[in-house]
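Below: one structure in structure tokens.
Just so it is clear, A, B, C, D, E and F label the chains in written order, and each chain counts residues from 1 on its own.
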Amino acid sequence: MSTVPMIEYADASPEVRAVYDDIMATRKVDWINNFWKALAHHPPTLRRTWESVKEVMAPGALDVLTKEMVYLAISASNQCGYCIASHTAGARRAGMTDAMFAELMAVVGMANETNRLASGHQVEIDEVFRPRR
Amino acid sequence: MSTVPMIEYADASPEVRAVYDDIMATRKVDWINNFWKALAHHPPTLRRTWESVKEVMAPGALDVLTKEMVYLAISASNQCGYCIASHTAGARRAGMTDAMFAELMAVVGMANETNRLASGHQVEIDEVFRPRR
Amino acid sequence: MSTVPMIEYADASPEVRAVYDDIMATRKVDWINNFWKALAHHPPTLRRTWESVKEVMAPGALDVLTKEMVYLAISASNQCGYCIASHTAGARRAGMTDAMFAELMAVVGMANETNRLASGHQVEIDEVFRPRR
Amino acid sequence: MSTVPMIEYADASPEVRAVYDDIMATRKVDWINNFWKALAHHPPTLRRTWESVKEVMAPGALDVLTKEMVYLAISASNQCGYCIASHTAGARRAGMTDAMFAELMAVVGMANETNRLASGHQVEIDEVFRPRR
Amino acid sequence: MSTVPMIEYADASPEVRAVYDDIMATRKVDWINNFWKALAHHPPTLRRTWESVKEVMAPGALDVLTKEMVYLAISASNQCGYCIASHTAGARRAGMTDAMFAELMAVVGMANETNRLASGHQVEIDEVFRPRR
Amino acid sequence: MSTVPMIEYADASPEVRAVYDDIMATRKVDWINNFWKALAHHPPTLRRTWESVKEVMAPGALDVLTKEMVYLAISASNQCGYCIASHTAGARRAGMTDAMFAELMAVVGMANETNRLASGHQVEIDEVFRPRR
């Protein structure tokens, strides 16, 4: 279920099917998860979001596993239930072990803690940390 | 400046100095940044926070660079100015290049976008993504 | 269910019934949703919150539909499940179509993305954007 | 400076002055801080916000100091610079000591940490914790 | 200043200049704001972000003014200083008056308040508000 | 259920059991809630998190009830469902009445509202509110 009707492959327009096909080919899976089926009610959003995700998550200066773990870290920090579930699956598919997950969550928790200690104490940025360029 | 007086090394109690010494030794630097000087007004918080950060950020299943980048990613997502400045420095010291920074921010931005697309559409978690254990 | 007992109309005090009556009359509905039934355990909060919502959401320089969409946009950004569900209904009652919903969510997603790109890059505010008054 | 012109007492309409007078009388101060001067460009928002703050922050089942510390805790958690500065002052005026501030921030930090550990691990709510009414 | 060097038009590659030219043509301005100059250090991010913003912010089922106000609302809610400053300017350019700004902020404030009242009370979603499709 | 297997007391290693025993002794309860059972998959995180929570939540300059209410306030503000449920229970065990809960939520809501009014209006910090030390 979702706010808008979810579009199944069988009911999809050629434009939507083209995106679905690319998602499945890129990820080497044979199904489409609910997130994309919900976005498909508005094909420009589906296409733009998928193309952006595809470009951003491709291996580059950072490998896919690192990117998937950062995605999961942000999702956990933001309390997005759907995203935590789907990117936990994504990070595991990319090679995240239970030990890596545990350390990732420890960093997320610690960053959220010290972010508030820093702001709550109104700590001034050290001169050497200021951007210079 | 900060909400509470910042404690300089010269004025610090032996308990606080011990933490400062460990921070400098662990990080191989010869100065203490403002965050710790502010926490030092309450030695138990200084000690506990440092020991937690030290443990969490040590290399393990994840390397130091990955951990520093996740810390920066969370800080950028949370809009913590001090933390963004200090952990940008930390991540660079650990080896983050401009290209890695650019891709890191791209993932942070994309995750924050799709987190809201997922929640805003009230997308139901796919059965295969649900935790089973 | 909720943290505190929800107060049904039949069991409500005259003070609470007066608020319930005003909610139903203002919204032209014949029932009270769970949010208000939960607040009713503390009549001053019920009254103050309703009077504020009623004043803020009345048509003025902005029309009701725009206000309901902004409310939904904030709720989606904040990951509040109850508020997303209730304000999706509210915005639709005010005239939001599926196409408007899709564009609204696209803006919410994009703003959440660029908010983090701006903070993460520590971008300085352009002189012409600074408030001058 | 602010987005809209700030209204000084000398330039204020009788409606705005009445709110300013009540703020100063209630808080036993002889000046108005910038927050209210900015809201004053829209008198209904000034009046409504002040009346709500006045009602919510009055002593009741919770004393004023506890309420001011909770206000500061939320502001630190939300990274609102203005609110952290003004409510640190407010909490101190109500009796917050440096030791109380330190413990308050420690709780804020810890809550922000465990909030993400709980969501990131997708921990199911224990049956006994579920609301029953 | 920013984390990475900001690229001025005179120093920009043809790829970056093409984006800058399109930004100025689309917005009918003759300068580039710092946000884009910072993103320009990584041309794929510059291009992708601009193309997404351009597509999302174009008039459609929602007009440009509504979209700019939603963007500002989210930025204020997220405490992004740069984005608040730049999108206040953007919304005004699109026609936002002081009265519209005041009502917009009132809605943002109210939504942030009731989002927490709903979650804090653990209010269950009313059956009629649940997505059905 | 959770992302990682939850460790029951009967299946726990001596290291994990020692933490479980301390949790039950400190809280004077005879069971372990799901949060700790999930963290137990990574004993260093379990131990560190418990020792930090135990130290931070012990009575000191602030009493236990105040600390539990602040914890609940942050959890409600952050939209963490698990944490709201568990810390509502914790605050009640420490003595929070329905009236105290109602006033606590009212403060949380108001702080979240004015945090956005302050940032959205770009209000400059009053000179007297700036930290001086």
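Quick note on the criterion: contacts are C-beta pairs under 8 Å (C-beta built on N, C-alpha and C of every residue); 3 or more make two chains touch, one makes a residue touch a chain.
All figures in this text were calculated on a predicted structure; none of them were measured in a lab.
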Completion exercise
Neighbours of subunit E that also touch subunit C are A, B, D, F
Exercise for the section: Tally the contacting C-beta pairs at the A-C interface and at the A-B interface, and name the larger one. Expected result: A-B
Handout entry: Angular offset of subunit D relative to subunit E [C-alpha, multiple of 5 degrees]
Key = 120
Problem - Chain separated most widely from subunit C, comparing mean CA positions - result: B
Problem - Self-contact between copies subunit B and subunit F, residue sets same or different by half - result: same
Exercise for the section: Compute the distance, rounded to whole Å, between the mean C-alpha positions of subunit D and subunit F. Expected result: 20
Practice task
Report the inter-chain centroid distance for subunit B and subunit D in whole angstrom, where each centroid is the mean of the CA atoms.
Solution key: 27
Completion exercise
In subunit E, the residues touching two or more other chains are 1-4, 45, 48-49, 52, 56, 73, 77-81, 85, 88, 99, 102-103, 105-106, 108-110, 112-117, 119-122, 130-131
Exercise for the section: Provide the residue numbers of subunit E that touch subunit D in the complex, in ascending order. Expected result: 79, 88, 98-99, 101-103, 105-106, 109, 122
Exercise for the section: Name, in rising order, each residue of subunit B that touches subunit A in their complex. Expected result: 1-4, 33-35, 38-39, 45, 49, 52-53, 56-57, 60-62, 66-67, 69-71, 73-75, 77-78, 80-83, 85-89, 97, 99-100, 102-104, 106-126, 128-131
Exercise for the section: Give every residue of subunit C touching subunit B within the complex, in rising order. Expected result: 72-73, 76-77, 79, 81, 84-85, 88, 105, 108-110, 112-117, 119-122
Exercise for the section: State the interface residues of subunit F toward subunit A in the complex, per the touch definition above. Expected result: 3-4, 41-42, 45, 48-49, 78-80, 131
Problem - Residues on subunit B engaged by subunit F in the complex (per definition of touch) - result: 1-6, 44, 48, 52, 55-56, 130-133
